[in-house]
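Next up, some structures in structure tokens.
Heads up, the next two complexes both have chain A, just with different partners, chain B and then chain C.
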Partner chain A sequence: MAIQTRSLSREFGTVRAVDRISFALAPGQVLALVGPNGAGKTTLLKLLLGLIAPTEGEATVLGEPCFPPAAATAARIASVLDTCEPPRAARIRDLLDLKAGATSGFDRQRATALMQQRQLDVKTTWHALSKGQQRWVLGAVALASNADLLVMDEPADGLDPSARRQLYGLIREEVNQWDTTVVITSHILTDVERMADEVAIIKHGHVLLHASIEDLREQIREVELSERLSPDELPKDIELLGQKTVGDTQLAWIRRHGGSTEETLPGELRRRTVSLEEVYLALTEHQDKRAEILGETPCR
Partner chain B sequence: MSLNWRLLRWQSRDVRLITLVGLPVALIYTLCTSEPFGLNVETAGWVWLFVLIHSVLITWRLGRTRNRTFGFLYTQGYTRNALWGHTMLASAASVLAVWLPSAFVIWLGLRSSYQDMLGNCWFPLMGPTEWSYPFWWLLLYAMLLPALHYAWIRYAQPTWGLLSGALLAVGLVVAIMSIWNSVRVLELPEVARWLILGGLATTSISLLIGGWRLHGRLEVMS
Partner chain C sequence: MHIHLNHHSGEPIYRQIIEAVKFRIASGELSEGTRLPSIRELAGELQINMRTVAKAYQVLDRSGLVVMQQGRGVFVTSPQAVLPVRQRRAALLEHARRLLAEATRMGASSDEVIEIMKSATEEMWGRADG
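Take a look at the complex of A and B:
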């Protein structure tokens, strides 16, 4: 596995930013972390990068423990973090120099070519770049690193639609060509749906759902019901993700596990496939409701 | 760990301004001080203050673990050992850049000539006897910088925190200054002097090694 975590947690004072997260990611896969602001996505990335220590649990990246960070993996990981940026006075070429000093695999020509694609001069200073241009520079440097693992925190934030599409295209190309593993966060769910292999929806430090995009399409449905659904009425292989009342009807989001059939639920009027965005909203907006339905303690 | 000029240049950016301000200040002080130099806080108070402020500023600039640029550097693919080693090198480079010109002003006799020209009655009598003072100043840096670097590394540990780091820094600086002032190194017999210097060197080396070990577990909170 390229990444493996077990009960990974991180507390800041009384706040548990990441709460017992366990997952595994195979090499050559793109995992998208999505969730509301403050969900714990960036903290999870920092844990994977070995920037902060877990308060509980463990994680390995490229076969080495994340914390303390292993020397063997340092140059094999490239990252773009929302909370880290170069000094204002640094020029783009300084960033290229710095990266070239860290890893012999860094392809400076490719990085420069990627800058030129966006009409960026390597002599430009960081503070003279727009937010989108800064993101492009960081993304280009990470992509030119020829790393085995790319960790990118909202890499397309501030990019125009064309640059965003191009950046995601480049990431996908990297994955297809070199089997690079990618962990990415994004709020643009249509992009996630298009470029990720797996998605994890996070809220309050919990992973509410971790599935492949394919499974998501096949397994999750929105069901319109004549009456409110009780979790007890559901077959064992069906998980109730959330439900809400809309006028006279109930909307429920369910996930079929394994190879179960599309069995009709009690009071079912109709059902349809849902987009990632709808699943996301169902889980994050009605998650506390879901906890109430399922008799769980809402996670905080 | 091998020397990486690119990394050293990057880390030196953070202390560039301090170095550029410190250099002329040290130079002017060395050239213009009319009293013969001393070693203790009473006789060399400004030197102590300068070295202390310079060391604190270097440590602060290179150890801002909550700063966005610090986080950036620590995500660029360098090993912790390389980062620690080059933090030390950047500190040493700033010290040398500030210290060396002042040392040369003394060693080349520029200070004594200038003071003599001003009619200072101590010079040229004091000129030839001051050659060793730059080394004592360097020793002050060698005592204070490892202590302060150790303190910020400790501050950035997952479990210890600000108070432990700040208290440690203040404690170490006060201890170093007190020991230095109470023993009057130059007045001691040679053996005792070397023993004291050996003890201080051992402490500094221990703090450097301790800092290096703790740096592997440093938390980047940007």
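Take a look at the complex of A and C:
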């Protein structure tokens, strides 16, 4: 496994930003972390990078413990984080020099070519770049690092649609060619659907769902509940993800684990496939409602 | 091989690839012996995970539409492979649309096209109802 965590937690004062998260990610997979603002996505990335210490649990990345970070492992990881803001007066060229000096695997030529791809002059200073251009520079530097693991916090933030496509295309090439493992965060679920292999929906520091996106496409359906199919009489292997009422119709999102939903449902049942965005909303809103009903207070 | 993928329809990508290949075989665009792009090539072109392409090819291989030969590539086996009615209809419909478009361009009426189809059928099978 490229990444493995067990009960990984991080508290800030009384707030548990990451709450007992356990997951694994195989090499050559692209995992997207999605979730509302303040869900704990960035904290999780920082834990994986060894930038902060866990208050509970453990994590290994590329076979080594994340904390304290080992120099040899850190050299195999490249990241894009808001906290690594370069000095305002630094030129792109200076950043490349800095990176080339610090990382043995850094491919300066590739980085320069990636700047040219977006018509960026390496003599431009950091503060003269737009937010999207700054993001591109950070992403390009990470991509040119020849890392085994890319950790990117909203790498496409501020990028225009064409640049976003290009960036995600480059990440995919990297993965297919070198079996690079990638963890990104994004709020744009259509991008996640297009570029990621796995998705983890995070809220209040918990992972609500972590699955392969292809599996979700195969397993999740929206069905119309009726006397033929009531929530209490679902086949054993079918999980009820959420429910809603539209007019006088009862709709439910269901998931069949370990196979296609099409095989278990009665043939005449009306059903349709759902997008990741719908799964996301069903899960995150469903959880709120359940907490309300049970009188639970979200644990953060 | 240009395949249009819809990432947002909820339909698994590997199935979309399978459907696209089946359609091209049924429509004759891919004929027997044609070499399909390698897993790496198609994954690169479609910008998707190689595992997704591999899964699609495995299913096509198992259903006998293509054969994966170690080190040589993936080849279309037989254009006569039996297709489900729905796919056969879809493939034929595509041909019919092209024929109609061509006929319209030449100023033919739809009755004329139907008449021609009838006589072509008669010619081939010796009677109008095939």
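What to note about this one:
Rule of thumb we're sticking to: the second predicted complex is superposed on the first by the 268 of 300 C-alpha atoms of A that agree within 3 Å, B and C clash if a C-alpha of one lies under 4 Å from a C-alpha of the other, contacts with A are read in each partner's own complex, and residues count from 1 in each chain.
We take it that a contact is a pair of C-beta atoms (placed from the backbone, for glycine too) under 8 Å apart; a residue touches a chain by one contact, two chains touch by 3 or more.
Note that the structure is a prediction, hence the values are computed from the model and not measured.
Upon superposition of the two complexes on chain A, no clash is found between chain B and chain C, which fit side by side. In the superposition on chain A, contact of A:I77 is made with chain B only, not with chain C.
When both complexes are overlaid on chain A, the residue A:D97 reaches chain B alone and has no touch with chain C.
After overlaying the two complexes on the shared chain, residue contacts for A:L51 are found with chain B alone; chain C is out of touch. Of the two partner chains placed by superposition, only chain B is touched by A:P86; chain C is not. When the two structures are aligned on the shared chain, A:P69 is found in touch with chain B, with no touch to chain C.
In the superposition on chain A, contact of A:S145 is made with chain B only, not with chain C.
Taking chain B and chain C in turn and counting the residues of chain A each one touches, the greater count comes from B.
When the two complexes are overlaid on their common chain A, residue A:Q133 makes contact with neither chain B nor chain C. In the superposition on chain A, contact of A:R217 is made with chain C only, not with chain B.
Taking all C-alpha atoms of chain B against all those of chain C in the superposed arrangement, the shortest distance found is 27 Å. Looking at the complex, you find that chain B touches chain A at residues 4-7, 9-10, 13-14, 68-69, 71-81, 158, 216-217, 219-222. Chain contact summary for the complex, chain C toward chain A: residues 7-15, 40, 43-44, 47-52, 55. Chain contact summary for the complex, chain A toward chain B: residues 46, 49, 51-53, 67-69, 71, 74-79, 81, 83-87, 89-90, 94, 97-103, 145, 147.
Across the complex, chain C is touched by residues 28-30, 168-169, 172-173, 175-176, 190, 193-195, 197, 214, 217-218, 220, 272-276 of chain A.
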